[in-house]
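The letters A, B, C, D and E name the chains in turn, as written, and every chain counts its residues from 1.
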Amino acid sequence: MSKFPEHIAIEKSHPTAVLDWHDRFGDRTLIVDGKQIVDVITLLRDSFGYNMLVDLTAVDYFPRRPRFEVVYHFLNVDSHARLRVKVQLEESHPHIASIISLYPIADWLEREAWDMFGIKFDGHTNMKRLLLYESFEGHPLRKDYPKTKRQPLIGPQN
Amino acid sequence: MAPQSQLTSACKPPHLYRLTNRMFVDLGIIIGKIAFVLINILNGAGILTWVERKQSALISDRIGANRASILGIKLLGLVNSLADAMKLIFKEDFVPPKGLRVVHFLAPIFALGPVFLTMAVIPFGPPVDLFGRHIKLQILDLDIGVLFILAFGSIAVYGAMLAGWASNSKYALLGGMRASAQMISYEIILGLSLIGPILAFGTMEPGAMVNAQNEYLWGWIPMWGVIVQPIAFLLFLPAAMAETKRAPFDMPEGESEIIGFATEYSGMRWGMFFLGEFAEIVVLAGVMTAIFFGGYHIPFLFDAVEKTGQAGFHFPWGMYIPLGEWTVIIMRMLAFGAKLAILMWLQMQIRWTFPRFRYDQLMRVSWKEMMPVALVNIAITGLVVLWLNK
Amino acid sequence: MITVKQVREIKLSMWQNTYYPELWRGMVVTSRHFFQNFNRFVGRAIGLKTKRPLVTFQYPEERRPIAPRWRGRHRLMLRPDGAPRCVACMMCETACPDKCIYITAGESLDGRIEKYPVAFELDLLRCCFCGLCVEACPEDAIRMDSGYIDLGGHSRGEFYMDRDFMLKDSALTTHSQYRGELDGVVVTRVDLLAQAKQH
Amino acid sequence: MSELIQSPMMDMSRSLSGQVVTTKFDKILGWARKYSLFQYPFVTACCGMEYMATACSHYDIDRFGAAFARFSPRQADVIWVVGTISHKIAPVLKTIYDQTADPKWVVSFGACASCGGPYDNYATVQGIDTIIPVDVYIAGCPPRPEAVLDGLLKLQDLIQNQKHDW
Amino acid sequence: MSNTDHLPTLDAAVPTYEPEFQQKEMLLNIGPAHPAMHGIIRIQTKLEGELIVESDVEIGYLHRAFEKSCEESTWNQAIIYTDRLNYVSAAINNVGYCMAVEKLLGIELPPRGQYIRTLLCEISRIGDHLTCVGASAMELGGFTVFLYMIKGREYCWELIEEYCGARVTTMATRVGGVPHDLPEGWLDKCLWVIKEVREILAECDILLTNNRIFVERMENVGLMPAEKAIAWGWTGPCLRGSGVAYDVRKDFPYLVYDQLDWEVPVGRRGDNLDRYLVRMEEMEQSCRIIEQCVAKIPGGPINCDNKRVTLPDKKDTYGNIEGLMNHFKLIMYGHGIRVPEGEVYFPVEGGNGELGFYIVSHPDEHSKDGCNDRAWRVRCRPPCLPMVACLPEIINDYMIADIVPTFGSVNMIGGELDR
């Protein structure tokens, strides 16, 4: 298992950015320090042509610490290279810098991650819920949110 | 005031003061004609709702309404239209609480009423000699019949516009605005395209126009409006369809865009808009028949007056099939009906073939494309008429 | 190797820009449908043997053929001796993603098998007709091939099905078998056990 | 199971029908209304696909006189609630029900609308009958068009035999 | 005193109108329940006359907790939720999800199973595009086209029904295979359906493609340049409409797509007309793929030969105790398919574009073998979310009426958008 070129390039300019990496199942993955995420992604976009943010999501590994992972999937549409970038976040006040200035689609995807997991994206100007309604309390995809805890707007309460 | 009244009393023909039997008969005839036309339009509109359903069904390989029955009589689904009408009458009549109540009430009447009036000047059959007098099968033979058609056609604009205005709904308002802009624009095309036939036939009276179409170019081509004025017809047809506010000109409703001016109407009041559309189809088919398709005339069929006692087919190659006086009259009335039916079928078929315009494209087509063509057509027609009359 | 195909370019000629030629072409298509159907319709009405005029199936009187594998309303199967095939193993209840099956197991009295369903309830309204219960059943006790497709009702209660209701359809042969490879009477472990006990 | 069967508003609209003696005029009006059902399709999800299929050539809902989809609730007679109703859309459904002009009926189309179906979770309303009264339920996920037509026939039966206000 | 003082001030120069005659922008809500919004979505627009100057999109009306539901159901149970993602082409979702799980398990299907999946995907894709084009044509007023296209879709669904027993929510795959072999005569019927579909496409082509009304409503409306489309994360027919030849089936081949001969249609400008043409052409290409599959499909097993994943043959379940135990083991609560820890992302080409499943398997506290019988997290990368997120960009500065074709060409599917 050898380091892939993106990894080497990032290490050259940001030596502390990459915390871990693997390519299990053929999905090349970098685990990146959350504080340098914008720099890393800028580098990936500009030097390696990862021009499409395919997906941005989060995972809640509940009892584990750090609890949250924000997962970015990038695609180079021309050379068909894929790369996954992960950032681990702590349970208390999870927040990370927004990449909305790099990829416009990050707008909604970050809003969704906020909606579902309660992860704040610093620099996002319109941090509203995307899928649920404003009066909804809690973040349903967190593991400690019960599946059937309903908060109806009208109709019988549970 | 005094001199005027003296004048009028002096000029009044004496028979106006006396109610004679003759007058009652006249009145009866007029009422009869009005009733005949009204019933036919209303029935026609009602049946058209059924025709439309069935036609669209057949176009798309379906069956269409066929399950409603009264005591086992289904009439191929025609009974469904009856159910529709009855249901609409007993449906809750909703008035938007913040809308203009009176206008909201009046709008459907404006939409439906003028449509019937338009039919008054269209001859639906040849003159008949009955009860010892010469009866024209036409309610009103106005010298300015064509203008009458246009005038009452434009009143229908108010229906849609006021409906949109009075509903206190943004969708309805947008629909009403679109309707008024669209109908006024196409009103103009309608008028301009009719000037060609007016020049060609040299009259504005529909009855006379119909009779002018029983002439023959070089003895064998019937001088139908569509033959002497093809461009006028190609302009008139879309303009007329735009007046009916049906696809492809159904912007004012534009169901998938803004839902339309009748958004806030329910029950029979909405039904009147609906019926109005179909009545307009009948009426416009009537107008087109009269002006472009030779009215009640069948090519080479003449009655006793036109061919001095030799009613029947006179073909240009000299063949003559004699027919009875009344046979000719009935054939001509049937011909009128058949032409009407074909034109209504055509309008329906176009409706189920074409997608909808966009608002600005509609305006562009009207003002920038149809208008110049119409003007050129008028100019050319005028020159030709001038040259022919020289 | 990617083979790319550029879509055609739509350039309207001036003639096409008058709307009328395309109207004509479109009318030919719609009119062809219209007259084809109209003629066949009329032909049928006057007793000619025309082709089937339209694609419509007039539902209550005329049924569209349903695929043999169609997953419809559930039915429970019977053993040859008339007892329910179900052994209350709860596999279908476990496999059901909607949790719409409720089984109450009881000790079997005849001793050939351990358990039988005292109650087998199914809330058809919540069911998502995925067929996982059928797949999960080790005894071929539940099938979804009853052929009932008229699933309308006036209240939620009408969609509640109990054991006896589902057993009523056990002999139905409206469909062929759910699994094409199993024709005829299916012999399962329950049957084998029952045979063994009898001898 | 039992609590599922007794939903709070289920029998509201039906409690009168069947017991009240209907007059001759009720019968005639019922006949007209049942064969002229203008529908408001409140289409949200998967069931919409089968709703389309029902309306189209192979099944042709127009045969029952229920062809006109009116997208203004004022002109609609029957609201088809087609698909999952989430808590976010529920107030909209209630508004549309209130806006519909009388007389009106509601058909709950498919498992999700009827009782939440496979979606027993925080986001989904467990049956629209907790919000508005429902006249006909159709099971299936999504129901086959035949099931839909059967539901429509049941609704027509209901309309024919109920007492009508006029 | 400057020499401009004699001029009236600016305020005085502007005549003051009565309030109702002042020009105002109008706010109009389109949706959530609006005929053009197939699916429910709300577009708040600010209008100047008929022009849209500003718009905002709100989604989430069909959020029904797909991801949470998948976390709480076993690997095979979660397939029912994938059915309901893109409900127009459910089989593709089934395939995508199952292939992602299979990637995590490290298993691969025998060729016949792969061909069956390919066939199902392409039939579903035809159905998807027929619905999309038909529905947008209906919203443009061409109701007949819609009816013809749904008629065509009905034929496709007949095939799907015959294969898997359902029309819409197919459950057409299982982890490690497909539930059934093909029924008898199915392949011949496939060819018949393709013939019918091609006929319908030809008819609709006549009714729409060269029609000036249609062309003018579609052409240069909803323009999207290629770079912008990529930055917004567009995929599928919409991206190809903008001229980027990106197709997951070609670029990351799965199933048997690399063994077949077909082309990727791309557009020129990236307007609605291009998206429409790309979809029409893709249906033709799908027909070609199906024809080749029918010709090439091999015999043999359909499920992968792994007793820990695939249910045993029914004969074994009914007949012998090993089969029965295997069966129980795979279905019993807490047992089931055990997937080792790991994470994968697997993209397939859905009806609307790249449909990716990011699946995390992570042992919970009860797990002893480091495996789990249910997903820790199933993330669906919805293909139509980028397009809908971008909707304000392609409807602003057009007219209200342009929302209809643009929205139609974006082909929003509520199920996968809101999950």
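Heads up, the rule we're going with is that a residue touches a chain if its C-beta (ideal position, glycine included) is under 8 Å from a C-beta of that chain, and two chains touch if they have at least 3 such contacts.
Small disclaimer: the values here were computed from a predicted structure and weren't measured.
Visitor: Please identify each chain that touches subunit A as well as subunit E.
Guide: Shared contacts of subunit A and subunit E: D.
Visitor: Please report the minimal path length, in steps, between subunit C and subunit E on the chain touch graph.
Guide: 1
Visitor: Among the chains in this structure, which pair is joined by the largest number of C-beta pairs in contact?
Guide: Contact tally peaks for the chain pair C-E.
Visitor: If you average the CA atoms of subunit A and of subunit C, how many Å lie between those two points?
Guide: Once rounded, the distance between the two centres reads 43 Å.
Visitor: Can you compute the centre-to-centre distance for subunit A and subunit B, using the mean CA position of each chain? Integer Å is fine.
Guide: Spacing between the chain centres: roughly 66 Å.
Visitor: Centroid from C-alpha atoms only, then distance subunit B to subunit D, rounded to Å. What do you get?
Guide: Taking the average C-alpha coordinate of subunit B and of subunit D, the gap between them is 40 Å.
Visitor: Quick check: what residues of subunit A touch more than one other chain, meaning two or more?
Guide: Answer for subunit A, listing residues that touch two or more other chains: 132-133, 140, 147.
Visitor: Find every residue in subunit B that makes contact with two or more other chains and list them.
Guide: 59-63, 66, 255-256, 259, 352-354
Visitor: Among the residues of subunit C, which ones contact at least 2 other chains?
Guide: 19, 26, 29-30, 54-56, 58, 97, 128-130 - these are the residues of subunit C that touch more than one other chain.
Visitor: Please give all chain pairs that are in touch with each other.
Guide: Contacting pairs: A-D, A-E, B-C, B-D, B-E, C-D, C-E, D-E.
Visitor: For a test of understanding, state which residues of subunit B touch subunit C in their complex under the given definition.
Guide: 55, 58-63, 66, 234, 238, 349-350, 352-354
Visitor: For a test of understanding, state which residues of subunit B touch subunit D in their complex under the given definition.
Guide: Of all residues in subunit B, those touching subunit D are 53, 57, 60-68, 70, 79-80, 82-84, 86-88, 90-94, 255-256, 259-260, 262-267, 270.
Visitor: Note which residues of subunit A are touching subunit E in the complex, please.
Guide: 24-25, 27, 29, 51-55, 57, 59-61, 63, 71, 73, 77, 80, 82, 84, 103-105, 107-109, 116, 129-133, 140-141, 147
Visitor: Any idea which subunit C residues touch subunit B in the complex?
Guide: Of all residues in subunit C, those touching subunit B are 19-20, 23, 26-27, 29-31, 33-34, 37-38, 41, 54-56, 58.
Visitor: For subunit D, which residues count as touching subunit A in their complex?
Guide: So the residues of subunit D in touch with subunit A come to 8, 87-88, 90-91, 94, 120-123, 125, 130-131.
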